[in-house]
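What follows is chain A paired twice: with chain B in the first complex and chain C in the second.
Then we have the complex of A and B:
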């Protein structure tokens, strides 16, 4: 009996190995993804013991992009300044040049469609920033999310790389510094949010005397949009720089020592060695770590929720938080529509990054 | 671009001149240690502030900043006592929940994920493109039937499943184009791009329908799915590094694939597995958004308890919150120490490769 069973098990093993993962993903992410699409196209009303779902087409998306929720999602559109028009036209021209350059080489239809979508999304984002930020009006949750992603990830990568380079030097107390630098990753993001709220307090926080000295004693971070956004990036960086640091340090330590030493013997300067020897070796890992970080940054929700509750007004509200507030309202259709918009922007930007940076790099290497 | 070397005969030049290869110049040392110590201060100060605040009375917190215990305020264990003595039951429940959920979901995730990663490295799969399309269409039909037309989900699932099997059996042979392992791997990893907020509402409704809201199982299952792409992504590379000759000789000896996986491949990849497990464990332990949607009281986890310290009219209970943050770090550090041993050992035994 056991041998019959084990024989059967062995014959089925090719399915047995992969099916649990496939089924889990199908049930808990693909099916909900489809259901969420249906919700995004409907008006959902709570009803005793269930929901009433009415199909409304693209009304939810329309409301976010053109309708009464536009200020919340894209920002407040006022009169568009001359600078903003110039910026939009410049970005448009750049994108058209990029597409034309691609069309001159061998064209693959899927690549062309992907590039067209990416260009359209980038142009839309550029126009949105031009019409809000450059025209002096409030940006919406899309702009805030992109701000967290791009500014946050750039700062984190720059500092993380710097620390990794420093830690890869022959230093004393290497283990101590590594453990200390790794610590923030172990702390719950909620705790980090609250800890930074304490630190930012200008009357009771540890830096209160300092603020009073420079005459900012009554200044509250949470009432100024840019200060609040900046502060959330500081907390986010505190938590995530360790991750970039650990991965890049491992990559730096895999760079063959004899190559670096040969460079020294040949009289190359530190910056030359980094540019010519070290960077090409760690670039693939660096690109991957940036991609992982960007993916996670798009999902940022706990820090804004804890530190500012999205305030002042909607100034620090990320798109996930926006969708969460809509869910709590409760307006499930709007919430699903916002999450779909987030998914769309995330996928277009991440896939473009993957195809245009990581794959290009790999094909150039081998 | 040629950067001009510093003149060697000046004091400044000598300051930045390394005494030998693999050593640092005195100037370099100043910069390097300056950076290291200032970053350590930036990392440690918030932690120090959390620890110090946990020892303060409410009046010490509210009156303005005090910095050093025994110097400018008297440390007091009232917050620790409140959570660990008088309110122990209230603290232990979410603590226990968090431990159970994090451990079980991480184990499940590591098991399922490494099996799938191994399968994608060693076994060739060729699902037909058309069959996948049929399956997706069946799921869309089921979702529409349940969501819009209000059909009972069990009936819809059964009908959709039956139609899919029927069509796949009859049309399956006609489909030509198939999908390769690389596509499956990409599909699984790309699940990580999916923001949890996109799927959480339907998942919430699903668990509501099954009366599984606010249970451990709901959180364990959803954490497993969310972290599965990470395990598959990382373990794929570790398994690909295991030499195939070992497996082939075991296969000649008559070992089944399951035996090979659990007794040969997994032990060889244990350093990678330990590192992956640690990462997933930290993510599951600190997860907030899914817990916020799916748990209310019975299955409440620690991050929710931290957030709950913002107690309405009395403001934030900083002192007890700091205690919770501290006791949340302890298990993570313990696990890191336990798994660190495997990681270090694995690196040493990694010499097996040659």
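Then we have the complex of A and C:
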């Protein structure tokens, strides 16, 4: 008998070993996803003894995209300017050309579906910006989030890469600067939020005399929509540049020295060496760090909450903050719907980036 | 014999005294081992005094009071979630009385009527009628214990106005005139130009209370039962009209005479400016009076006057939605042609107990709230600015000595208490919203549209249309008939 049990155990061992991990994922990832999907399709009211859940279909999504919350999520749509139409048509044409180019080669049905979804989302986003930003009306929380993601990550990547390149050089005190540049990553975002809120205060902040001296005493960063958004990006960058810096520095230090030295011997300039030798070596790491940073940036919530509470108006409100405010209302259905919309946009953009940039780069390298 | 008798009597009194002391001690420690978890906003305002009084209460009764806090904007959601989901980690909530209606609608609050009826120490008759009958009760049951009385009032710098030869503004138009005249003057002697007006206008804070205070005299003329939010026949919002548009226009205009960062100023930021002597006019709850006498932080001791909120000479015609001039019929409560409607903003911090708490915990929690509210404690607490508590007991208005002992001059104390008394006794006092969903009507929709209007994202007309549409959605969601019934009840309309 024991031998029979042992044999059975042996046969099942692969399932048994993986079971704890599967259970953990089911409990902590899959179940919350399903529960929040149910919430997103419901109107939830808290009452004594629990919840009263009423199924409302896609009403919560409809409200955000077409209904009374459209201005909040997508922005305020008015008359669309000529520039906006031109931009939309140009983006549409570009996406069609991109799809046609794919169709001319070997087509894999899953790749086609993915590209169609990516193209639809990109076109939707382009149209949204055209109908709001380029037409002189307000962008919503989706636009604000994308602004934080793309402008913020671009700035952070550029500065982080620059610092990494400098610190990779044999300069005096580089160990000290490596530690200093890394410090902001250790600080809690709440502390950073309050610190930058104080720094931006032109009337009673620590730099108030300076602002007044340069004639900005009557100017408030946080009351101008774009200034407030930029200031949040400044704070966010201050926190996250160290992350990019550290990862890229490690990548730079792994670039084979003999290749760089060979380039120097052959008379290549610094920029040529960086373009032809260094960048191809660190590109996979750079793409990964961008992907991680983009995913993180989509979830930005603490800085706008603390620095401006989403204001002025809704100018600095990210989608996560939008969902948080709805949850606090408490409007759990709307909150879950916004969260799912965020998940959808994040997944489409990040998967597209991974498949169309990272995988393509790897396959090109062979 | 005399010696024997004296000895016996001494022994007898001693025994009685000892027995009495033991009995008192037993009675006092009757809640030994009980822990009460209380949730409120972060201290020192409100929470700080609860912690201190909690330690006193523990020494007397043995019940341990654990005071936890969350940001103001999270407070309602935390309480509702904890109590509705059956988590029940919180026994007592100290929050805005207006929020209690939604909690009571879900049967989440313990009925305190019997406790109150059998509690002579609370001295119920000493609590001003508005707070006793309106603030503490929902549908005839006492579900809350008031520990703070809240009215927004106008504060003005007496020295600045004297220097300018101006009188305190009686209307919102006069407010702007005075603010314009004072703006840019150095009001605290530091050589820096100061501000004509200070109001907190940050989103997701408490700025929406200010717009209701400003709108109230434009909207309400016929007494408290008229209300300022909804039509009492149809429950349609009464916001998309010229009265609220005038209030919005005033609120934005006042920013011209305020600090540049006013849109990002919470109540704490504004009070810091006020007490440092940088504001000529300000709109706030009763806290400014006691804060002004704190010599460690204030530069405006005995330099601040208080008055009932400014009013309007033009009021809303409820039929047409237009502003029309006040006359004796339209404004029966007007003073010198000015219609005032002092707004009971927030209603006051009040304590409520989780209906699902253990009966012994409910009893101990009630005793603690009663202890907080009793005159022996609260008559002192309301004179201390840092506590955040404002007067709500008749004895607090009638006895001026505690205020003088706290540091007020007699004249300042009389002026301050007079302003609150004028608000409290006004027949046209405007009541805050007290229906299910109040937090969403005010804290989400009104607050967001107000912020968007101030930021220039929408016009006043668009903001009011959005508020109307948003409020209608919430009313439909909760059920129009139920909401109407609750709204009428909150205004004291019983038919």
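Methods note: the second predicted complex is superposed on the first by the 346 of 366 C-alpha atoms of A that agree within 3 Å, B and C clash if a C-alpha of one lies under 4 Å from a C-alpha of the other, contacts with A are read in each partner's own complex, and residues count from 1 in each chain.
Keep this in mind: a residue touches a chain if its C-beta (ideal position, glycine included) is under 8 Å from a C-beta of that chain, and two chains touch if they have at least 3 such contacts.
These numbers were taken from a predicted model, which means no experiment stands behind them.
A.B. asks: Using the superposition described at the top, determine whether chain B or chain C touches more residues of chain A.
C.D. replies: B
A.B. asks: Return first, second, both or neither, reflecting whether A:46 touches chain B, chain C, both chains, or no partner chain.
C.D. replies: The answer is second: A:46 touches chain C but not chain B.
A.B. asks: Quick one: classify A:203 as touching chain B (first), chain C (second), both or neither.
C.D. replies: A:203 sits against chain B and chain C alike.
A.B. asks: Where does A:62 make contact in the superposed view: on chain B (first), on chain C (second), on both, or on neither?
C.D. replies: Neither partner.
A.B. asks: A:34 in the overlay: touching chain B, chain C, both, or neither? Say first, second, both or neither.
C.D. replies: First partner only, chain B.
A.B. asks: Touching A:327, do we find chain B (first), chain C (second), both, or neither?
C.D. replies: A:327 contacts both chain B and chain C.
A.B. asks: Quick check for you: in the superposed arrangement, does A:21 touch first (chain B), second (chain C), both or neither?
C.D. replies: first
A.B. asks: Quick check on the superposed pair: does A:178 touch chain B, chain C, both, or neither? Answer first, second, both or neither.
C.D. replies: neither
A.B. asks: What residues on chain A does chain C touch that chain B touches too?
C.D. replies: Residues common to the chain A contacts of chain C and of chain B are 51, 197, 203-204, 327, listed in rising order.
A.B. asks: Any idea which chain C residues touch chain A in the complex?
C.D. replies: Per the touch definition, chain C meets chain A at residues 73-74, 77, 80-81, 83-86, 106-108, 202-205, 259-264, 272-273, 355-356, 439-440, 443-444, 448, 451-458, 466, 469-470, 473, 477.
A.B. asks: List the residues on chain A that touch chain C in their complex, please.
C.D. replies: For this pair, the touching residues of chain A are 43, 46-51, 68, 71-72, 76, 138, 197, 201-204, 217-220, 222-223, 225, 308-315, 325, 327-331.
A.B. asks: Which positions of chain A touch chain B when the two form their complex?
C.D. replies: The contact residues of chain A facing chain B are 6, 9-10, 13-14, 16-18, 20-22, 24-26, 28-36, 38-39, 42, 51, 53, 55, 162-163, 166-167, 169-171, 177, 180-181, 183-192, 194-199, 203-209, 238, 261, 264-265, 269, 271-272, 295, 298-299, 301-302, 306, 319-320, 323-324, 327, 332, 335-336, 339-340, 342-343, 346-347, 350.
A.B. asks: Spell out the part of chain B that touches chain A in their complex, as residue ranges.
C.D. replies: 3, 5, 21-24, 28, 32-33, 35-36, 39-40, 42-47, 49-50, 53, 61-65, 67, 112-113, 115-116, 118-120, 123, 125, 136, 139-140, 142-144, 146-148, 150, 184, 188, 191-203, 205-206, 221-222, 224-225, 228, 232, 256-258, 261, 282, 285-286, 288-289, 292-293, 302-303, 306-307, 309, 316, 318, 321, 324-325, 328-329, 332-333, 336
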